[in-house]
Amino acid sequence: MAKLTVGIIGAGRIGRLHAEHLSRNAQVEIRMISDVFVSDELSAWAEGLGISRVTSDYKEIMQDQDIQAVFICSSTNTHVPFITEAAQAGKHIFCEKPISLDYRQTMEALQAVEQAGVLLQTGFNRRFDHNFKRVRELVQGGKIGQPHLIKITSRDPAPPSHDYVKVSGGLFMDMAIHDFDMARYVSGSEVVEVYAQGAVLVDPVIGELGDIDTAVISLKFANGALGVIDNSRKAVYGYDQRVEVFGSEGSVCTNNDFPNTAEISTQNGIYRDNPKFFFLERYHESYIDETAQFIASILNGEKVPVDGHDALQAEKIAFAAKTSLLEGRPVKLTEVQ
Amino acid sequence: MAKLTVGIIGAGRIGRLHAEHLSRNAQVEIRMISDVFVSDELSAWAEGLGISRVTSDYKEIMQDQDIQAVFICSSTNTHVPFITEAAQAGKHIFCEKPISLDYRQTMEALQAVEQAGVLLQTGFNRRFDHNFKRVRELVQGGKIGQPHLIKITSRDPAPPSHDYVKVSGGLFMDMAIHDFDMARYVSGSEVVEVYAQGAVLVDPVIGELGDIDTAVISLKFANGALGVIDNSRKAVYGYDQRVEVFGSEGSVCTNNDFPNTAEISTQNGIYRDNPKFFFLERYHESYIDETAQFIASILNGEKVPVDGHDALQAEKIAFAAKTSLLEGRPVKLTEVQ
Amino acid sequence: MAKLTVGIIGAGRIGRLHAEHLSRNAQVEIRMISDVFVSDELSAWAEGLGISRVTSDYKEIMQDQDIQAVFICSSTNTHVPFITEAAQAGKHIFCEKPISLDYRQTMEALQAVEQAGVLLQTGFNRRFDHNFKRVRELVQGGKIGQPHLIKITSRDPAPPSHDYVKVSGGLFMDMAIHDFDMARYVSGSEVVEVYAQGAVLVDPVIGELGDIDTAVISLKFANGALGVIDNSRKAVYGYDQRVEVFGSEGSVCTNNDFPNTAEISTQNGIYRDNPKFFFLERYHESYIDETAQFIASILNGEKVPVDGHDALQAEKIAFAAKTSLLEGRPVKLTEVQ
Amino acid sequence: MAKLTVGIIGAGRIGRLHAEHLSRNAQVEIRMISDVFVSDELSAWAEGLGISRVTSDYKEIMQDQDIQAVFICSSTNTHVPFITEAAQAGKHIFCEKPISLDYRQTMEALQAVEQAGVLLQTGFNRRFDHNFKRVRELVQGGKIGQPHLIKITSRDPAPPSHDYVKVSGGLFMDMAIHDFDMARYVSGSEVVEVYAQGAVLVDPVIGELGDIDTAVISLKFANGALGVIDNSRKAVYGYDQRVEVFGSEGSVCTNNDFPNTAEISTQNGIYRDNPKFFFLERYHESYIDETAQFIASILNGEKVPVDGHDALQAEKIAFAAKTSLLEGRPVKLTEVQ
């Protein structure tokens, strides 16, 4: 059985998540993990997963000749230099989203990747979700005819910390970017125009920090379809992630995932438990699948399922949305070059 | 447009219900209504519906040559004599269920009907419910193949008064009799054996009065299928009326009807309102349809959709269930002659 | 029992619908119905409902001193003159939506109504729908906290005829106008800004006639909430009418209404029947309720549940949407004066 | 971190399933696996999981002093001798259901376990299912008041092979035994009486082999509740596993689990994919949890969540059901001694 040797840069929540899934993949050897903060706790955790080397210097990973692929799970501002460095070192790359808060820098990183001829996958894990995959499959299979309307609901259970909001790049780049990718994924078409409405309804401090917490984003697609995304940073009932694609021959809708199917009827009505709490619960399987497919793509010499172009397009849409919000007008993607 | 002249015997809840629906049927003239208790309130109500004559003597209806059909909505103990009398007077008959608490008397009434050559329809209104009609249609249309299992849930929101329990004939004859008819209706097959479990779990007084308030009734059908009915006199969340037919090629289930489709998501879970409260709300349309079809059957010279044989069979099953409960053993319908 | 004498102008589909419901209302006497085309068929139908007079001259209704209220169910272009005339004749008015394709004319009609001191109700029947009423009730009751997002899906099963499209006033004025009213109704707030995207995806002839058949309309509300309406002239699975209001403490969603609850499980998946076909089926009860409440408002000397201001506001939003579509920019309601 | 050394007897489907889950449990070392058929394929599979020793002689496991717990996943006829042997060797035991086709032998095995003072857990994995656990929790928490009716639907997608049917012990012992355990689990009460109806509707050969393929089993519980289980060996739409507990204060129902939530609306109706196919898909998580809890119970010196008494009671109910079917009468559990 072919095996791939990988290194992981960044041992925060998402880095550890990938490490855990990779450690159960029989085709992977995790050679090393790096983090700016190395602790006994981190070392113990790594040992438990059979990762022999923990380092504070990511360059060790870049310089290790045996490492064939790197997972870049460090903070967003490091993504472009690390991608460039990894590409130049001839390593395949899995990078968390977004690649950059500035799509022009992303373009530079993609050039480095292209020149090096390595594979780059971006962390749009929702493409591997069982619900959205089924929507894509049905749309691609022509079950609903030509798509006319794409509707995406994406609401978090609670806003991030104010400190995070400051560096997040804003709701469009940090949160809606997944939805921009989803819009392209389920429609099978490019977004050509964006009109974004935003509001501060959840937490005034978010507004003071220059961001919004509620949004309705209208889209036009290259194939003529229209679309709309609605976002909120705070759905008190939990993570709300639904998609609808309506077309000439029908429509497909997804509901949320739930922790159980129990329905309780009482004198006061009928109730069920709230949906799975947040992305770690809801997208658990999709995280496993995205890394498994990245590994398989490399080992089989195939294209990755979500590439640099996908990352770039989502970033451009986010940029267009932000421009639209600031200028109070619809913005064409051709303006974003 | 052909018109039918009818008389109604009994102006209680169900008699008035039928009167109101008949009064909106352009093919019906309600000539007269009788009740043992005539009041100003009753007269005013009747006048509002355009019923000119209210009488305390049902015999006026029997003797009125112009009345072509009678609705027997009086107490159960009067059904057999009134059917016999109406049949001998050459009138078509709509009779509420059950015809009698003693199926042998029902057989006598049916003989009178047969000799007179009049039509007799019994008030199994649930056959006209949009959900159960759809089940019947799907089963008859072969959509689920050969039926293997028939499951009926039938629970009331609250038990009747103790006074009513005393004269009701018991849970099997009063309440489950609808389900016995439903079992025959959705399966398209006769019940051949019954095993009944009963319990007093809702109200001990019901037990003291010699009745039960909770039941699980196992059935065997002539076509080999098995079945089960579960009953309770008290579902705190409201009227619970569901059916499932499982067969060789699939299954069909119905849910309850609801007053609205609103689903509310809050921090404490996801809610919806309880089902439609009781039979008047849930079976509103079916009551209209059953009388409309009775009228149409007469005017068109066709068979009625639920006839005396249907009434008799349900009563026999109820008798078998009661015997089963008393003797603690399965009872074959061939024992009930 | 107090009784109201009414006249109906226009005996097309909607005029007859109201007539049938009114004929069953014990507090109403329909004195007369007028239509430009009087036929034997119309006379027979009217007689069946107990309407003694059918006329081709609506002025007979206006001049009949006994008629206290008129139902204006004629073509849209007659609404303003008929309202004005009825108001001057001192009659209460029920008028179908929209009052006019030109909101400035609507304003004039409303002035006449105000001067005459009569009641005017407009035919936004969806406010009487059991689902939407429940949403309104929950939002008003604070069950979802402050509204943040209002989402309305409104899709017809099939486009109207090309002839109708020509005179309809366009998708916004003819179809979405119900949704504009719904947006105000469920949010409890005024719309202050509109951005409309439109497309011709269903039928190119609709485009040639200068109209669109698909739309996504973004809204801003006075209370800070955002909203979106999506429309299509053709949902192959039937009439699709859903609403969601998302707020600080939760969310409420409605689903469509269905002809039955049967769910069929087969080797090929799990099926249920499509929603109720079109507005006559889906909104049946709401049509009955809107006229009943209009009658009750007059008899009780109360305000009508949907007044002229409601009609005007919806028309202004439609105008703003059309302007937005034509000019490719968001339009503030303050621009529409 | 404490670690437990285990051996696995039987490397068929279920033995391998447990091995795979145990291999990912950081607190477990799988020392050895035995099977009567040792092959290169088996050895390679074992090596992949890090199991160093594969043997055809289960006695090696019994005699290995370091092995603290054994998983008995061999054929049913070996369970009693292996339990006895393992108990005498002082090892904790996880044994697949049923322990024996003859409940009297099960009683002997349990005696050996008791004398040895070791822990014994039986493989009623459904107790660890997220849906049924939630039902139990709600019932135990009093959310539905006193249980009155317990309803269990349990249908397989396809019957087992005829060869398997011959040795299975029959539908009650092989398939319904899970449901007998579920009845005790969700009700929190003992079954005291059973009446079983059976039929051969799926495959006549199953009847020729002396078994049935369709059943309706009525139950009485010690707390007065009534119950019913329905079984079929063939639900063409897939694995059907649902439970309802109805009580004095409400009811709780579970639905099946589905591979996705996509709902497709087309001209021909609304459909969704069938439920998760069979027990490996549906009960995936529950298999992981049952072994994890067994391991944790041993390491923490706690009681196991499903013990020998639970196994014995389910077998007794199965025996009562079989007797009931053969003798055509209700059978009390007190008859089964």
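We just call them A, B, C and D in the order they show up, numbering each chain from 1.
Definition applied: contacts are C-beta pairs under 8 Å (C-beta built on N, C-alpha and C of every residue); 3 or more make two chains touch, one makes a residue touch a chain.
What you see is a predicted model; the values in this text were computed from it and never measured.
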item	value
Which of A-B and A-C has more C-beta pairs touching across its chains	A-C
Longest centre-to-centre distance from chain D, chain (CA-based)	C
Euclidean distance of C-alpha centroids - chain A vs chain B, Å	58
CA centroid of chain B to CA centroid of chain C, Å	40
Mean-CA-position distance for chain C and chain A (Å)	43
Residue numbers of chain D (touch at least two other chains)	235-237, 240, 249-251, 265-267, 273
Contact set on chain B toward chain D in their complex	145-146, 148-149, 151, 155, 195, 197, 199, 201-202, 214-216, 218, 220, 224-228, 230, 232, 234-237, 240, 246, 248-251, 328-330
Residues of chain C that touch chain B when the two form their complex	24, 26, 48, 130-131, 133-135, 138, 143-144, 249-257, 259-267, 273
Contact footprint of chain A on chain B as seen in their complex	235-237, 240, 265-274
